[in-house]
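What follows is a pair of complexes built around chain A, which joins chain B in one and chain C in the other.
And then the complex of A and B:
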């Protein structure tokens, strides 16, 4: 029983990150009806921006020393007498990294927002009024541009980045067994869930969200309500790229940074299809179930199966419900 | 208020929909535009609200001005904010959103104007909408959807409403209600209205001035009183017999060549 809880928690933690990635795909789809195949690579850029601002820049000659490693007097004092691998030590390690973590996240958010805006303005906007299919093909082309671009700028070498939260190991008892997890993973999950929830509430209850939904349903009528449709488009892309930046940073802290991060986008695309392209709730449930399923398969059947079983489930769900779990079929009066 | 001078519109660079159409909507008046299917009425309205570009249409020649200012380079959403509101053909409510959210969407028309949206006014006007304000708009009846379409127009506080076939697919009793509303919008708020209709009888009931169009051109215009007494209009649009009496005429009695009469021949 305890083992199940352990793996379920692991699954929920990766599920939350899937959900955060999915939110970008759903938002762009809702507003523009474009399935963004390149979203994974947008995330990869977010991860590399985080790497640039948190690792490369602080290591440069011109960067102040406190940016790379912040060691005020009181911190060195506290460090004295601590044993190796003590929780306090992990917190202090994190505190020393704090300036570059904040710098890295801020840089990733801003740069990715700019990137998303440029993509929308240069590649998507000129295709407005053409068939949606044209725009979808553009996002497919974008994959090559982004993955090639990242290798040109940052080379294909893998590297590590500082975790966002102190990586203290946490142990507690649940159902009679010891559960073991890392503090950073827990904080990542909380960040992902908060961002997801915030966006869902924003779309459902604010005027800006109504503009997105109105545009999603009928572009020309949205125009005739005074809604600036191009503005809604770029807002959706900026939303996708900023949530993607955070998701990318989190992924980079878990798996290290490398161009293969972009591939995450495809597995999340399957999750999004399973949940229903335009439903935040459905996508959330799908992301969490795939996360848990992955963890469970890993436990019972080993790592090789973990990559297959969840996606077979996705296929089965899609055969059973082609619109996805909660995808909206058109409202029809009977 | 709105002046359209001699415009030509083509779709996809090939299909010519309007050929030299001119019309004018004076301040505070209701002007009706009548014509058969495919005459170009809806195209005229889309040209005036700048929505043509979204459907690969293009205004080739001529000028359209709203309040003395050319609309050609104004984005459609800005145009709405300046007071020109287009109630689209077939109502076009946002079916997946609630009644309330539909009205909030229309409040974007008030951006950059220092006016607050007056939802209560809409609900006073249409108590039915108030009862159903949390309901998804797609499940409203046709009449209620038309009320919602009008409600959105009221939220936007326009100076001019372009109204595309408000009677489409509605029962005669509802049509009557809808046209009362149009009259009220005009008299109470002083809103000018350009009304496109197929149902000439009800349109003449509210309008001050009328235009008749056929294959992309205006073929006749005049005060409603004058149009109403015109023999051709009586037989083509009002379904009266040639001698002007109210006696209904059977289509069987109309000679074929006569029914195909062209206005300009």
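And then the complex of A and C:
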């Protein structure tokens, strides 16, 4: 039982990241009916922005020393004699990086929001009123632009970024088994869940959120009710970009920085389809299920199966419910 | 004119020159082409973009040495995105547009296997690559493809022998679920059994974005003393080692060629701490900073300082670049041997000369002179990383399998 708990928690941690990636795809779809195939590359840009502000800028000559590594006297004294992965050692290592982590996250959020805004304004808005298919094809083209652009700006060099949270190992007993967790992964999961919950609440209870839901129901009616649909489009893209920035930063801390980060978006597309393209709750359940299923399959059947089993499940769900777990069934009126 | 011995010899020489020159001109093109596919974009773009300048350096230095039989070479580089089908299209395009192509450099195991059936008759070309896949060292089936070092199976043999010599009794294999990752696993399992080492875990992972907590948990449960990592380039392997250290595992980690790059180890150390200390693995070649007994490395270093100033290549040649240089040097040696015999360069003649390379001094890439056996050079040495000096240093003698 303890083993099951261990792998289930591992799966939930992966699932939370999937959910954070998926929330951007759902937001854009809800507002614009466009499936954003380039979302993974938007996330990759978020990761590279985090890298720029947390690693490149602090390492430059003009940057103050405390930005690269904050080492007040008391911290240096406390650090002495502590081993690298001791709980206190890990916290102090993280604290030394805190200024650049905050700088990195702030930079990534702002820059990715601007990028999302530019994409919406320059590429998507001129296509408003045209076929949704044309807009979807633009997102496919955007993949090449973003992946090529990232390599031009940052080259294809692989690098590593500071973890967002202290990488303290956590151990506790559950059902008679010692459970082990990575502190940074646990905090990443909490961040992802808080952001996901915040967005769901925002969409449900705020004016801006209600405008997105109204636009999702019917653009023409939303227009006639005084909702600025272009503004809703813009808001959805900025929301997707900012959540993508955090997801990108988290992915970069787990996997390092490289152009392959853009590929994550594709695996999450299947999860979004399983949950229902326009359902936050459905996508959350799908993301958590796929995360847990992957971890369990990896545990019992190995990595080759772990790549297949969750996606077979997605297929089965789609055969059973073509609009996903909680997706809205569309009725075409002729 | 009075005909005597002297005037006869002079007239004969002149006549031979007049009649022979056009034939030589016809036989020798103005240049030979060494074409290549590299992953300049895609998941392994990091490696491709570092290898690409090494190819241009190679071109300059070979031409400084007189090219192939006095004919200069020209290298071409096309992007494959690490997609075998794209690399194959690049090869076919090079065949169609470069009539003087004498050698091709491929970028992956997938491409080398895909192109192998096409290397027949006029389509055959001498072909090196970035891969150490065991299947490529098979001259009976495919005499044109070769490895510039030990195959992944050989590398795992070296590691297992080293583990055995260190008194190790259990080993785990963690590998990416790609052709590259799986390549030596079955062989490694058999070899471990022969050596009396118990394989306690065989764990395949995603090549990127692997679920580190789950893999580390399984490694912890297996209780492996040693773990061999295979099929990774820039990611996953450092995270696995970091995760295991956080977990408090005493497991010793070992890698094969593609997981032995100092640039990556240094960046991990700078960002995440010195946990890679003690990580060891097989390298077929000396590292570029170990140039005292390597005149070829000294020459490269002088070129790099001038031509690559301000880039990561100014003072260091990545292992990936060294592999490409070793591969191309072996190919050029075979081509030069054909040219020196005064024969027209064909893939068959080049392959024959390549297979005959024996006790060849590579200028210090390897520990000593090397011999091509079964289209590979089964030599390597175990190196260990020290996070304090940020150097991989030798921890075994040169071993030949």
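We take it that the second predicted complex is superposed on the first by the 326 of 334 C-alpha atoms of A that agree within 3 Å, B and C clash if a C-alpha of one lies under 4 Å from a C-alpha of the other, contacts with A are read in each partner's own complex, and residues count from 1 in each chain.
By our rule, a residue touches a chain if its C-beta (ideal position, glycine included) is under 8 Å from a C-beta of that chain, and two chains touch if they have at least 3 such contacts.
Quick caveat: nothing in here was measured; it's all calculated off a predicted structure.
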Which of chain B and chain C A:307 touches, first, second, both or neither: second
Which of chain B and chain C A:214 touches, first, second, both or neither: first
Chain B versus chain C as contact partner of A:129, first or second or both or neither: first
Contacts of A:65 with chain B and chain C, given as first, second, both or neither: neither
Chain B versus chain C as contact partner of A:7, first or second or both or neither: second
Which of chain B and chain C A:169 touches, first, second, both or neither: second
Touched partner set for A:152, first chain B, second chain C, both or neither: neither
Broader residue contact with chain A after superposition on the shared chain, chain B or chain C: C
Chain C-contacting residues of chain A that also contact chain B: none
Chain C residues within the chain A interface of the complex: 40-43, 45-46, 48-49, 177, 202-206, 208-209, 211-215, 217-218, 220, 233-236, 238-239, 243, 245-248, 264, 267-268, 270-275, 312
Contacting residues of chain B [partner chain A, same complex]: 49, 51, 53-56, 75-78, 80-81, 85-86, 88, 92, 94-97, 101, 104-111, 136, 138-139, 152, 156
Chain A residues within the chain B interface of the complex: 129, 207, 210-211, 213-214, 217-229, 328, 330-333
Touching residues on chain A, where the partner in the complex is chain C: 6-7, 10-11, 13-14, 55, 84-85, 93, 147-148, 151, 155-163, 167, 169, 180-182, 185, 251, 254-256, 258-260, 263-264, 294-295, 298-299, 302-304, 306-307
